[in-house]
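First chain written, first letter: the chains are A, B, C, D, E and F, and each begins at residue 1.
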Amino acid sequence: MEVNGADTSWILISSALVLFMTPGLALFYGGMVRAKNMLAMLMMNYVAMGVVTILWVVVAASLAFSGNEVSGLVGNLGLVGFRGVGLGNEIFGYSIPDSLFLGFQMMFAIITPALIAGAVAERMKFSAWVAFVAIWSVIVYAPMAHWVWGGGFIATQVKAVDFAGGLVVHINAGAAALALVFVLGPRIGWGNSVIRPHNLPLTILGAGILWFGWFGFNAGSALGANGLAAQAFMTTHIAAAVAATAWIVAESVSGGKPTTLGFVSGAVAGLVAITPAAGFVNFMGAIIIGIAAGVICFMALRLKTMFKFDDSLDVIAVHLVGGILGALLLGVLADPAVNELATGGMSQLTAQAISVVIAFAYSFVLSYVIAKVLDMLIGIRASETGEREGLDIALHEEQAYQMAE
Amino acid sequence: MEVNGADTSWILISSALVLFMTPGLALFYGGMVRAKNMLAMLMMNYVAMGVVTILWVVVAASLAFSGNEVSGLVGNLGLVGFRGVGLGNEIFGYSIPDSLFLGFQMMFAIITPALIAGAVAERMKFSAWVAFVAIWSVIVYAPMAHWVWGGGFIATQVKAVDFAGGLVVHINAGAAALALVFVLGPRIGWGNSVIRPHNLPLTILGAGILWFGWFGFNAGSALGANGLAAQAFMTTHIAAAVAATAWIVAESVSGGKPTTLGFVSGAVAGLVAITPAAGFVNFMGAIIIGIAAGVICFMALRLKTMFKFDDSLDVIAVHLVGGILGALLLGVLADPAVNELATGGMSQLTAQAISVVIAFAYSFVLSYVIAKVLDMLIGIRASETGEREGLDIALHEEQAYQMAE
Amino acid sequence: MEVNGADTSWILISSALVLFMTPGLALFYGGMVRAKNMLAMLMMNYVAMGVVTILWVVVAASLAFSGNEVSGLVGNLGLVGFRGVGLGNEIFGYSIPDSLFLGFQMMFAIITPALIAGAVAERMKFSAWVAFVAIWSVIVYAPMAHWVWGGGFIATQVKAVDFAGGLVVHINAGAAALALVFVLGPRIGWGNSVIRPHNLPLTILGAGILWFGWFGFNAGSALGANGLAAQAFMTTHIAAAVAATAWIVAESVSGGKPTTLGFVSGAVAGLVAITPAAGFVNFMGAIIIGIAAGVICFMALRLKTMFKFDDSLDVIAVHLVGGILGALLLGVLADPAVNELATGGMSQLTAQAISVVIAFAYSFVLSYVIAKVLDMLIGIRASETGEREGLDIALHEEQAYQMAE
Amino acid sequence: MKLIIAYIAPFKLDEVRDALKETGVTGLSASNVQGFGRQAGHTETYRGAEYDVDMVPKVRIEVLVDDSLAPAVISSIETTARTGSIGDGKIAVLPVEDVIRIRTGERGRDAV
Amino acid sequence: MKLIIAYIAPFKLDEVRDALKETGVTGLSASNVQGFGRQAGHTETYRGAEYDVDMVPKVRIEVLVDDSLAPAVISSIETTARTGSIGDGKIAVLPVEDVIRIRTGERGRDAV
Amino acid sequence: MKLIIAYIAPFKLDEVRDALKETGVTGLSASNVQGFGRQAGHTETYRGAEYDVDMVPKVRIEVLVDDSLAPAVISSIETTARTGSIGDGKIAVLPVEDVIRIRTGERGRDAV
């Protein structure tokens, strides 16, 4: 296949859109923390754009997408330092330049650890976070990407599918979030009173940016400008809209008011859940996934109270639960008329379930170990004074907002 | 015609851009209300992304774009639930997938009612707003879209043209805004003292997002990546720039200072006015439309004081007046060298004038009736206490900003 | 060559992305000034979208891109008012419509003077700023664009290259900033105490928008959707990521904490430095440029203290120094395997160095003269009371934020 | 001299300021506070968790006045800020030993 | 009557308010201040320039109380706001000549 | 003891704080207020509607001091905050009955 201009155009802008999601996510999360931790929250997200990019070029891209070693467990070192990646498509043979394929994938590698930040907000040490992100990108993210998208065993042996990252991105990040939350423990004062968001308009703007960027994430995963991209575009939007609406309906039904944070949380939940399914389901499938995501992720908020863990910004309820929902529902709802790569039905569902378990287990266990080791070596939690005073001053010597002068 | 990758690529991103305008609009409006109504304002916009999407898929898209019944008055139910919409272009035969065509159009259906929100800000009840948007999308927006773009009587019999939504979007929303404002009455305290915007930087950012997204709106309306799209892109940008400048010149000439809110209001006015004309006029035409929009919309701000109606954020001066300006000027300025579909001249102008009257009358009357009926059934205005306390707490049990903790 | 849909699609969205950078820049700068000067800062940026657009259409585009007069010193008046620019590509013969080529270039003409605003923040008079931008666009920017991209003498005789604007945009703006800073003098109170940013989250969001938009800036400069665009896309992203990381490492090494403002400043420095080189270097080249930009621009912050000039928001350290770095390093690092138009090596380096000197000198001298003349004619500095009270009220009769009511 | 502090509903600020001007007050300072009182407060929701907020936004006005003007100021605030519903707020009168106008160095009642 | 002003660490606000409610206080007003005191402050950085910030965010609580309740209020704040580390803040007790409840016009101790 | 309240121009805060430190003051609290006074205010524009804003941003400083230090504090603020133009602000001196340092429980002048 030759490099095709139209596909290249669409994946160029899709890559930019996915990169833009990380600032969007930073705002989405940042608005929900207290003012004194705002910059630290933004920084946890932004730093992924630096650290993961470097590691991706140096080694992670190669582990994910170069060859296939140890029966599908990991790639080789053939593309270390993007060696031999030129302007053409000789390596991967897609209709877009090889560098662009690796670039598009890089943006996913960036936002995935950034998603985790929401769970550990307001208490994790910056140095430990950077170390965690660096290690995790190489030994958790890259192999998982290989298994699912790089010709590894989940694709070829388990035969599970994942259109744009239900396993690789959301379950992966959600499981890591859970592990980190256990190692870190709750924020000071958690459970006594509700810790309130300091600037919801920024959160809502962030959600708007996420929604916008997600078109690149999901419809870009068609790797071309074609009918499948359009289908993924539409299922993505529909699931987001339905889930957002379902969430505020659920809020109202359970005795509260429809909230703006609820609406945008529902939208994100819908976007998460449709991610693995976007290019496999029809419009009815998107609606069902949207409803499920809106209602079940809303209910999943209670998990943290039931099991007493402090997942600061509900990464588990939204990304872990939403990702699992999408990966499983896709097993039921996949429509071969949309995409013959997934047929739906019992065997598909089984494959999906197995892949979910593997992704969850691998990410949870390794994340736990990395966090524990880092905690022993350098400590992963900010000092008590720092946490009280605010991480912005304690870790970055900066304040988000200044008194008017 | 086959599905064309280049056109698909451009309409994919254009659709994303138009969707992104709604969060942009939310900020643009949100910055102008008082802090206590910020979230309610954002929510009025965002909820359109949920509710309109659902209704569009379920029925409105079909009424707008499927067939042509009752001599061009409305579509049929052939596409209810997006029935039969697949990855190809069998239904509409454009050079992009059918689902993408409906998706691009959906984004217009979303932002149009969102535009109305500015007029009713700071006093309308959320439940009534949701009901209004839902009903209006189906019985006002969908038919109007059909008349103009779906093969209905304005296109085929009146022979008026509307490149990207002067009639369908701006006059339509502006007329509805006027009707709602009459039914609702003014905000408490309106007229006694100026109600001041709480966060202009967000308004200005919102305007930046709108300007950015409008390229998808107007240049996307060429439905392909070609010379006409480029022309619409350029006329859009030029009109915005000229109108923004004209507005601050008008401010200065009439004895004030050039304001930032004036600049961005002018930009939006220019974008509105060029919308129907973007793919029909040459660059000189764009400049003339820009000047007219900047100056006349600025002067139209006085209407609300003259006729004593509380159009909170000047939807009428900007969208109704701007939309009418553009639709009429296009009759004079259309250049067949740009697009042979509009020739300019007297007969074109007459057709445009007739279409303006029809669009205004239909939208105003139906919107008035819907609002009145809703007011009788559930009440459309927030309680006095709620309005004083702020709609965020009263309607959504949330506060936009929290005291530093 | 025929107009090509894929290339057109990519340049349409690239143009929109570059336009979006100006609102992004406004936020980036705006967050760093004091609250009382917020709107004035935003306005200095936004007004460029108005004034430069008008002048570009009227005359500047023609001076830059029409023909080649006085041995490569300036264009002619053949395209005044975009005369004869139609839907095809008859004039320039690129694979995109002529109007789009001029539109893409226009967005560069807009953001370049906007970059200067950071240096003169918090004290320059709005009227003088508008006059400066207008004159500067025509007699500094347009000729420089001609020399480098319009077939002028830097391209044809000096044989220096500039992929996306190291000379034309960054050195040009940086030199003008330096000149203006000398004419204006420092802000009241500068040097006594640190003048602190009022809203860093907006600055960080602005940087995110800049990063996003820069993909259009650099990868769009390939003028097509092809391997070179992908290469520029990747080098751009890599340089930004590396420079951001290098900056916070430099901060830490020199005894401070890694700051969020540092991270985003580094990102911008990296984006600046890669701009001239994006389509000429390989990935290793991008990494080296990134490291150099992060470390050297960070060190260059000290210049203003050493030489006692008040460059409010460090335009010189970031854009002038970063631009020079990129333009020179490209001489060393250019890889003909990436783009045969630049070979690297001694003669390339010499050409680059000469072009840097010319660009700096021309812009500095003319900017200085324009500023001096304007100062004599209308005064370029706000009144002392105005500066103390805040420019928002003094110049625009507006306040950015209102006390909660 | 007295310092009169009033906690009032935010939407009353303009009215109260205008009334005070008519009373002869030549200066005042206002700031935002969060007040807790008999007024019930309200419920807020954060991601499914409801909680009671018993602090409501109020505006705090401070007026330095000469003793002779104090009663008029108090009754002017009382009349203007009253809506009759809970949350109207409170006025406190504090003794002031001295007032200085920074610009001129005037002291006492001349400085008010 | 007294006006009790306390400058406390922001994260203590909820606790102090709850404690005061138990003491019988029926109202208070709180606002954000920047405090300078013995507490060291901190270093901030702005684009490579380090500078010392000796102001730290504090919350200022004001409680109007009847004389009889004052000692209880003071000791309640003292106990609840104390962490034992520098920066815990201060309490000041000011005499109040009169208090008026705007809604009812009640005066003095009834108004508190 | 006294509570000295000063309303000053915002850009004077740093200078005043430094001057007070030299005078021997060991603590103060500052907050943003909107002041109305002789200073003319300014015109603002909102979408073509001009209106007068007679409130200007000021900073309010509160210093608890021992009686003996009060005169020095007052004259230090006077000198530093004065620019000679309208809007320089005011200083008020209020009697304080007691001061308590929360951390240690010290009272009176030791607590200041």
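What we mean here is this: contacts are C-beta pairs under 8 Å (C-beta built on N, C-alpha and C of every residue); 3 or more make two chains touch, one makes a residue touch a chain.
Owing to the predicted nature of the structure, the values given are computational and were not obtained by experimental measurement.
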(request) Can you give the shortest number of steps from chain E to chain F, where adjacent chains in the path must touch? (result) 1
(request) In steps of 5 degrees, what rotation angle do you get fitting chain A onto chain C on the CA atoms? (result) 120
(request) State, to the nearest whole Å, the distance from the C-alpha centre of chain B to the C-alpha centre of chain D. (result) 43
(request) Starting from the mean Cα coordinates of chain B and chain F, work out the distance between those two points in Å. (result) 50
(message) Suppose each chain is reduced to the average of its Cα coordinates; what separation in Å results between chain A and chain B?
(response) 33
(message) Need the CA-centroid distance for the pair chain D / chain E, whole Å please.
(response) 18
(request) Enumerate the residues of chain B that touch no fewer than two other chains. (result) 4-6, 9-10, 13, 36, 193, 196-197, 199, 256-257, 259, 261, 396-399, 403-405
(message) Please output the residue numbers of chain D that touch at least 2 other chains, ranges allowed.
(response) 11, 30-32, 34, 44-46, 50, 55, 57, 94-95
(message) Considering only the defined contacts, which chain F positions touch chain D in the complex?
(response) 2, 5-8, 31-38, 54-55, 58, 60, 74, 77-78, 81-95
(request) Quick one: which bits of chain F touch chain C in the complex? Just the residue numbers, please. (result) 9, 11, 14, 34, 42-46, 50, 53, 55-57
(request) Please give the residue numbers of chain A that touch chain D in the complex, ascending. (result) 193-194, 196-197, 251, 254, 256-257, 259, 261-262, 265, 298, 301-302, 305, 314
(request) Show which residues of chain D lie in contact with chain F when the two form their complex. (result) 1, 3, 17, 26-31, 62, 64, 94-103, 105, 111
(message) Could you list, by residue number, the parts of chain D that touch chain A in their complex?
(response) 44-51
